[in-house]
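Lettered A, B, C and D in written order, each chain numbered from 1.
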């Protein structure tokens, strides 16, 4: 493990925020799959900063160049490699970080892990920018999954203490999926937008940041998929989702709330619907029992911590002089990355799902 | 993936609840490590049913026989295999399950996954009994970790809506670790015992069950350990912990609560302590930043759903006649498995941790 | 890697020659497959010592006990675990080996690898006895492969400088497959038996040993199977076959002889046969081009070195006194393990093949 | 498995011969390692076509661009990605191949494996050009290994029936290593050059091709390295070496010749040398016993088949019209790739070795 994932469709992610380029190799895609690059760019634009006011004003040219694995718009079956060259980087913003690691960020642990040789500019390999690779991979994979009837959607479940309406656990409409897949500020209930944006505005004004929760649903998943124990739906999805920086928790179905419940309430009763299909009346299990899909939607929520980089002064250490010091992070940073995390979590779900099929 | 885990110390788990035996192969242990079998049995007794009134009265002879990998009480470096023969099984209790899958249990999904060939007696390979293998493996591994200064402890964080005192996130005392490692009803605050047992008694009386949360801490972990992205502390631990049946959520450090917080509150400020060691004042990051250990304790909580098997009547389906039916699960079942899950979660943490070193 | 193999059907092998037991866990078998245990025992008997005069007179009770994964003679889909208890071991025979490592054996390297903690009795985990696990796994897997039309057979290609007739590279008859699968001294041309046995008798008389070559064919393999580069047929098969002790070389199709040939002679010309199937006139490629199956038989040969344990006096070292010494290996050893290796190589091929499907 | 290899230092190879670019991601390199790019280019030049008359006159601009993982000439610990853009491709040369697969080449099997969607131009992902990625990776890794005292060298052991002098199995001089590492036509005995070139000239004149053997030695390998059974030196090296197109056999130490020998001759006797180090008098075991290094050089030979692409007319099939046809491969092809394979095999050995440490 490390910057790669998967045993069926293998994702190998590379790049540093202010290096020459970032990119990804996707090995094991089926051949003969048409890839609509406009749809790929559309998904990448949802993650890209700059077009939404909760996100950073920094511009990134995040359009990937495909180097291999696609011919005439169709997958060849060979590894699909894509690269995004880094431009418009302002490394000066980050010049002091090696001295004073940002609290809540990987600066200090990366320094330990790599004996100080890691590229510290912009967080290097640990930068959120690397998630552009995931969204690219996810956008490619989702086109393949969609042809198998599998759809993925996520929304901003909460920012701080303000909540969107939750997904209906037993399934959402295709209209909602399609709408969410096209939005940068993805909400089940668009009327909540002002309220949620207000949470962000409040912290931005103070140079602070705020966290939130992303809820994700996978619909159309065949039943009977998954492996027992360490190869279950929850294991595989969490393995990928914790690869998204700032995610510190994940729960499936009723999750933590279910732990406060009783069996008689939390168990999902089975029934045959009018078409003779087995369904459950509720979906507290989140689509998997014993790690194996039940045919109900896979439903999970990921807790995203507040952005670590804030301009408010914080106590930290000076690694060179080995003394305590203070830091106010310069540069342009999202006060809330939950918005952009929505498309990244969808991509992570896609990467996990294709490895279960 | 499936019933095995790990790339350094590989765990291969086998067995079915009412088959001939269950067991585990642990491949990749260092040679020359003394294994105290009394300590192994002591840890296994913590998970075993029957000696604590929140647990099932069914007796199990869970003492494993070591088949290889240990000579004169010391690891040889060859795969350590252990087997626990199944005795005292009463398969009659489970005879109807193939017809009517238990809501909330893996009966239905295993039936799909294995085309009805899976051993349904007692849940077969999906039975909680299989976690005895994990506790065995964990008990062996923890002796090795302890010699490296790494200690693991967990407690019943909550049952239903009743909570034990939480761990102090920046670290707990050796006394508390030692006490918890010896208990079947492991609490930080023993005065909460009656209150927590009352939650269980209430549902037992009704033939219902209840869930809870297990909190686990790993202390003494070296800093700078872990891999970026998909190989981080959170990824590896969650991959194993979701292998424990009934776990439906996991959070590290401030976790979901952190998602409702701000950067200025949630970021853990670094400082040099009096001995020149880098520490953080708080531990909202739960011991890992960017997936890599910071030197602070690894702290996580796992949400355990209520036991699926309850004697209250539930709606379900009759798979043979393809019609809706009802079910009241017979047999002896724990109304709350959180108690026993404590030692299993500790074991899962141990299996994850040794694979990160 | 280590004592396990596979990413689809995972084999985890354990045990030490003179420990409590040896065994294997096979994880990932399809459910619903009938396993004929008599056929399993028949294959294991082919590898077992004692019933053929080129093999050691030591008796082994090599009948495995299945612990899980099979119910009513049919695979459940859960990991299939089997164990063979060690009996009739005479550890005294091997008492001096820790002092004086046997030339050509793993005694010295295992001592280094495990800091002297490895079980040295009978070669411990490195003993040829462990191959009983492979034959068991292979015998189970071959029944599953046979239902897909895939047959495996091997023969004694050579002992010393004496050769059996080679397989016809473009395919052998079902009669020959069936005959070879039932024999302990498996030859294409049974008239060569005396000549080949004479090679063994000659070295036995001197307390020496002799090597040989095993040739193996896999027929009925679907075409278009395999992965490019590191996941090709040759890579996968060699990964397993080099797990058989004493194998020091492998070649596919024309192999080393092909390296002395020209393209015009070595290239296998394609043609449509009378049924419209694509075939090649010759099979110098050994069934795989670019690592991917062509539909022609997979054909390979494995070089088996002479048994390392010989009773002739040899120079070696005394590891305790750190001085040069001499050694005459006591105990009962095969002067030629090629005979018994035939069924082990078939099993290795089966383990490799099922991981390619 | 597929186009990636390794569990410690992971190699992910991508690209198609006539696509946009080829490249490789190397994940898991230690940080802080200086990479001398001139040395990398020098190794790549040894594999590159055009500068030696046994190789193809086609020019390739094989200088890779590093995209990530190196800062100021030193590894950062993040995945090292490099890309080589394809230029000067003449796809017209290969235009007919989809119709008529070249005998001995992967054209037909790739067509099956990828349902005809694979990029057929120049062999696509199966092209020998992809080995430039391996040489790049190997050249980087060898610099790291060299600092640990591990040196790798290979030579043209034979072309057709003409042989160079073999390596001295117990070790070669640093002078010879250094000389071979700088040569394109690498021979132990340079006086054999004319004789070996004559083999090539003879087939070139006829539009035919010829095979050969590459011998490779790894010196300075620490003893006690490797895993039992499927993780042994032979397993790991063969897994990578069979990833080199055209390799159809591999043998370690005395290999196939050893299978014709006796234990008394083939066993390598141990002794303490004048410095108290354990050595063997001969090296028939090729540096590994039981899969674990003995401290003697790792020695292996790889059989390289004759180049499949020859201009002589051959019988083949027309996949579109489903009839038999003939083919004369146009374009510029090496009549003997053994020369260029030398540096590729060295690279493969390096990739294998770093994954064993």
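The rule is short, and it goes like this: contacts are C-beta pairs under 8 Å (C-beta built on N, C-alpha and C of every residue); 3 or more make two chains touch, one makes a residue touch a chain.
Everything numeric in this text was worked out from a predicted model, so none of it was measured.
In summary, the chains found to touch both chain B and chain C are A, D. A centroid comparison over C-alpha atoms places B as the chain most distant from chain D. Between the CA-based centres of chain C and chain D the separation comes to 27 Å, rounded to the whole angstrom. Averaged C-alpha coordinates put the centre of chain A at 46 Å from the centre of chain C.
One simple way to say how far apart two chains are is to compare their mean CA positions; for chain A and chain D this gives 39 Å. In chain A, 2-4, 7, 13, 78, 113, 125, 228 are the positions where the chain touches two or more neighbouring chains simultaneously.
Looking at the complex, you find that chain B touches chain A at residues 1-5, 7, 13, 101-106, 108-110, 112-113, 125-126, 130, 158, 160-161, 203, 206, 208-213, 223-232, 234-236, 238-240, 242-243, 245, 247-256, 258-272, 276, 278, 280-281, 284-286, 288-294, 303-310, 312, 314-317, 322-324. Against chain B, in their complex, chain D makes its touches with residues 7, 78, 228. Per the touch definition, chain C reaches chain B in the complex via residues 2-4, 10, 12-16, 19-23, 25, 27-28, 31-32, 65-69, 71, 74-81, 83, 113-115, 117-119, 124-125.
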